[in-house]
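Presented below are the structures under discussion, each in the form of structure tokens.
Shared chain: subunit A. Partners: subunit B in the first complex, subunit C in the second.
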Partner chain A sequence: MTAALRRYGWSYVFVLPTFALFVVFTLLPVVQGLALSLQNARVTGGEFIGIANFVTLAEDPVFRQALGNTILYTTVVVAAQVTLALVVASLIQPLGARSRVFYRALFYLPLVNSAILVAIVWRWIFNANPFGLANTALGTIGLGPFLWIGSSDQALIAVILSAVLTIPGGGVVLYSAAIGSLPRELYEAAEVEGAGPFAKWWHITVPLLKPTTLYLLVVYTILAFQVFERVYIMTNGGGPNNATITIVQLIYSTAFQFGRYGLASAMAVVLFVMAIAVAVVQFRALRSDVEY
Partner chain B sequence: MSSISRRLPVHVVLLLAGVVSLFPLYWLFLTSVSPTQYVVRVPPEVVPRELTVANYQRLFETTPIVRWLVNTVVIAGVITAFHLLFDSMAGYAFAKRRFPGKDVMFWLIVSTLTVPAQVTLIPVFFILRTLGLLDTYPGVILPGLADVFGIFLMKQYIQTLPTDLLHAARVDGASEWQVYRRIILPLSRPALAVLAIFTFQRYWNAFIFPLVILRDPAKYPVQVGLATLQGEFNTDYGMLMTGAAVAALPMIAVFFAFQRQFIEGIRIGGVKG
Partner chain C sequence: MDRELIISRRRFLQSLAAVGVAVACGPTAAPSATPSAGASAAAKPITIEWWRRNYTPGSQTAETVTSDAAVAGYRQRYPNVTINIQGGPFGPETDQKFDIAILQQKAGPDVFHTTGGDVLKYAAAGQLSEPPLTDAERRDFNPSALQATTYKGKVVAYPLWIVPWFEYINLDLFKEAGVTPPKDGSWTYDEFFAAAQKLTYKRSNGKQVYGFAHANDEFAFMLIDGGRPYDKDVKTWTFNSADAVSGLEKWVALAKAKVMPPDFLTLNPNDSQARFLSGDVAILQRPSAMINVLNADKNWEYGKNWDIANFPKAKGDQTAWGGVGFIAVREQQDADKKAAAHQFAKYLTGPDIGPDLKKLTPPVEYWLAPAGRTSAAGIYGEYHPAKAKVAKMGAFTYVLPNVSTWSEIDQKYMRPARDAALEGKKTPKQALDEVTSAAQRLLDEANK
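Coming up: the complex of A and B.
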């Protein structure tokens, strides 16, 4: 016993602080979160009710709205982010080293700020009043004024636009690093065959970047699934007629405004399953990549 | 010359994209120094005509913004300090040591990686309530110590350090703690810098956990405090944007001071938001 302690004791001393915190504040909560989703948990405890919460969710028009909004937001925003990151990184690459450093910093700078700060500004830009900035800008080309966040048709568009109009700096940095490590020989071979810059990019660069593309698709998708601050700030937590309500916004209000912890936990489990599904698809896609 | 003229359109496109991306930040600072009558002006002024500190005066006089900033520094600072210590210790053990249960522990950590934070939000709230830690600083700090990104980062980095060094130190009579303190820690500085910046940024910007855990506005971190400045119908936008500008400045300063670590961190640790 003492021999084992002397041999392994220090290892446990090194691991235990982190591992104990991880068990109490991550591992057990995950298990409890899954258990709560099967309970009728309100402010004062609850009992096991099987999958009743999930049945309730399936029939609840507000949850369906939240699910639909989240998926729409994710689809548009992730497609835009990955495309923008790829194009910007590809444009940066042929420039000199100093330009590359400058542009990476330029595109990363807006992202060091919190979603709250960013959303505060976007709320002001997409203000329903005619003096809102988006309305003024579009007014100069004869469009609008639009109600934006004040309208149930346009509020989600404003939220999506606010996300799309920011260059995804993290993606630019990752793509940029990946492009820098691609083998030069392939390009030289293509040049011998007379391929132009666009052909080289489309037929060599883009396919070779597939692992990075898949990684970014997954990370950005899981992040977009969790969109909350933008909605909370830009549209007071859901917008007119729940036009911008998202899953996380609904989890927050269901649990912490209405005290229906079991139902909110069931929503979190749905979110969890969505994240797992995306991760599995990525894993499959990467594996099929190895096979051919 | 031909290369410059070929690259010029590329620079124009990239700079335009940068301007669009940075515009909200510019607008934030512009509004914070604009007189109130210009904040609601048609058309909005993109270039200021007149500068004022009135918004800043109103912000500092009527809101506990300073208190909120101090709270944020304390919360994010304490979380960061503990992550640096605990994650480097655990990273060392997982990378370089053998002990029973190591694989199970690591597997458990890996298995929670894709779990969205919202799954643990409600149970963590319950646990803190049971411990009597709701509406306290430890209640915000403790859950922040449980995320596993840093363990990975440190394990990956420490794995690349030569094991011979550790053996040599032990032969020379160094205790296990000294091996960690004198060899592992100093050699891990690049990874620790990345971890410090990522952790600090993450908890400087944290919102939903403190929003749920804290009740007393005097304990709010700045992000939560700012959100409360926003009324449903009438909001003092000049003051709100000024508060946002004040909250943005420290992170922007950190970014300019540690740009290399930010970029390096994305490459090592991936995109974190």
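Coming up: the complex of A and C.
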């Protein structure tokens, strides 16, 4: 032990700056958040109240609605985005090298746009008036006009659609790179056996992409759990009758508008536990021994 | 500018002379614990800090222009007092900055603008210095505004202005639809409803016009029959009373009649103003600040293209919803600074500032909303004929009493209840009854 420490101990010096930053900016805020969740903390301070904040949350219909909305949004959006990324990447793959680069860039570039600007555009697309883009487009085939974000029945659908219809550029790039590294001999063997394009995709590409799928599922789930700006901009932070309120939106208003930092921290803890629980399930379900 | 400089120098020399006389006549008095003495502020060089939301040095925002002018005007009267202004955008980040400075660090501004529940929050923490108001000054302030800044029986800040809400009417659309604008700006709910219905029509160019719109941040119609959120003592939640329910029913009737744009539930203030400016809406419910928006637009000429009217009247006396702005002075040990801060706060809320700023080159309109006190109210009406009309309507405004948990009651419970009723998912009574226990709990919490 001492010899190993003597020999390799200096290497910790290189790790130390990153570790210090992690402790100060990640670990400590998480620990502080946990501590605050057990206090009736306001800006002037707070007292330890045990799990009272969590009991309040369990009894709060607005929090339950935010929880339900967040879960629904995450389930639909993550499933759609991962599927869409896989399909788009698979469609790009057979193209020539230049075209592949062009399409990867094309799908990735929107990601550099401000999320706020994107949300403003979606707000206009799903405007309840006949001049909203979605209503104008649907009107040409005799549908609508729909109320979209102006109705408590349709607002969450509009928010979900705005996320689903945004092609996940990051996922496309990752899947595209992963597909490019899959062994060719498996496809050649399948062709010899008479497999068609769809069979090859379904039985070779999709299973071999499990590690990438797992990564994307975990990352997209966490991102979807944290949805905020889309809801805040498109539906003025919760929509009619709180129809689009999500947990992060509620955390924001509870902390910064109502000044209840303890209660907001308890919500953050619930979200943290949810993210971990879902990630564990995803890891267990998609754990793969695939090597190639 | 030169004129200002000359006046400043003269006044400065006068002040210096006054200090000289005071020093020669006797020993300097010990700093008074009470901030009533303006003498120390009038002589000794003192620097105080004024925190003003939306102040951005060098910009042309109304807050920046009026604040710089206010300091210039004050310095002409009291050249020994230097005032440093600190800004910050409207929003939770700045609110938090105020909270951390005032509540945690017990430092920061000597004088600051504040609204709503913040006054009570800072007063409860013992961080506000009580304004030394004379009886005459108390009588001069609007009673509702003074009540809104009263904490445990004591006035804890200076009411600055009352921000009343009105109906802005597009005279061109009224003319086109053959609707007569309300005489002297007064109308009943039935007259208003009938006008909104007639004004909801498709123009010859196919453009849809809606009779009425409001932003999604208000509850004005619930006051129309006398409904109020709280009882007089602000102890009991009463926004489920029969009067409040009938007010909401009148509001729901507008939604049912489809006289509002289909997105009225998510129409934020800027969007609602944009709809009015683009001629999509004939009657718009907005605060008095909308007057300046219309004045700044060459296409909108007062009396020709637009006019202003009061809230429609039903059973209630005060029908218009209004907010109050305050100037507060932070409690601190430094008696001289505190005295100077009070003197400046009195100036900011008093009758002298309006005329002082009007004399500047170029003249500056200080009062962005009607003043919270009678002696300062006159000049607001001098700025513009629409403002003169508005100045007479002030008594029609109900000022929401300060309750520190109001934003939570409002956003978490009242808005969803209102939306559910307006969408027809719940009856007004059902929607308001469901909110009562949560609202009462939060009201009790605020009263602790």
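General observations
The rule is short, and it goes like this: the second predicted complex is superposed on the first by the 257 of 292 C-alpha atoms of A that agree within 3 Å, B and C clash if a C-alpha of one lies under 4 Å from a C-alpha of the other, contacts with A are read in each partner's own complex, and residues count from 1 in each chain.
Methods note: contacts are C-beta pairs under 8 Å (C-beta built on N, C-alpha and C of every residue); 3 or more make two chains touch, one makes a residue touch a chain.
In this text, all values refer to a predicted model and were calculated from it rather than measured experimentally.
In the superposed model, A:256 makes contact with both subunit B and subunit C.
Looking at the shared chain after the overlay, A:130 reaches both subunit B and subunit C.
When the two complexes are overlaid on their common chain A, residue A:240 makes contact with subunit C while staying clear of subunit B.
Of the two partner chains placed around the shared chain by superposition, subunit B is the only one that A:171 touches, whereas subunit C remains out of contact. Using the contact criterion defined above for the overlaid structures, shared-chain residue A:75 touches neither subunit B nor subunit C, since it reaches no partner.
Shared-chain residue A:275: touches subunit B; no touch with subunit C. When subunit B and subunit C are set side by side, the one touching more residues of subunit A is B.
In the superposition on chain A, contact of A:62 is made with subunit C only, not with subunit B.
With the contact threshold set out at the top, residues 129-130, 236, 252, 256 of subunit A are in contact with subunit B in one structure and with subunit C in the other. Per the touch definition, subunit A reaches subunit B in the complex via residues 8, 10-15, 17-19, 21-22, 24-30, 32-34, 36, 84, 88, 91-92, 94-95, 99, 103-118, 120-125, 129-131, 133, 136, 139, 165-171, 173-174, 177, 215-216, 219-220, 222-223, 225-226, 228-229, 232-233, 236, 247-248, 251-252, 255-256, 261, 264-265, 268-269, 271-272, 275-276, 279. Residues 92-93, 95-96, 99-100, 103-104, 121, 125, 208, 216, 261-266, 268, 405, 407-408, 411-413, 415-416, 419-420, 423, 425 of subunit C are the ones touching subunit A in the complex. Those residues of subunit A that touch subunit C in the shared complex are 43-44, 62, 127-130, 145, 147, 149-152, 155, 235-236, 238-242, 252-253, 256-260.
Every residue of subunit B that touches subunit A in the complex is listed here, in rising order: 7, 10-11, 13-14, 17-18, 20-22, 24-25, 27-28, 31, 40-44, 85-87, 89-90, 92-94, 97-100, 102, 105, 108-109, 112, 114-127, 142-143, 145-148, 151, 176-177, 180, 201, 204-205, 207-208, 212, 223, 226-227, 230, 232, 237, 240-241, 244, 247-248, 251-252, 254-255, 259, 262-263, 266-267, 270-273.
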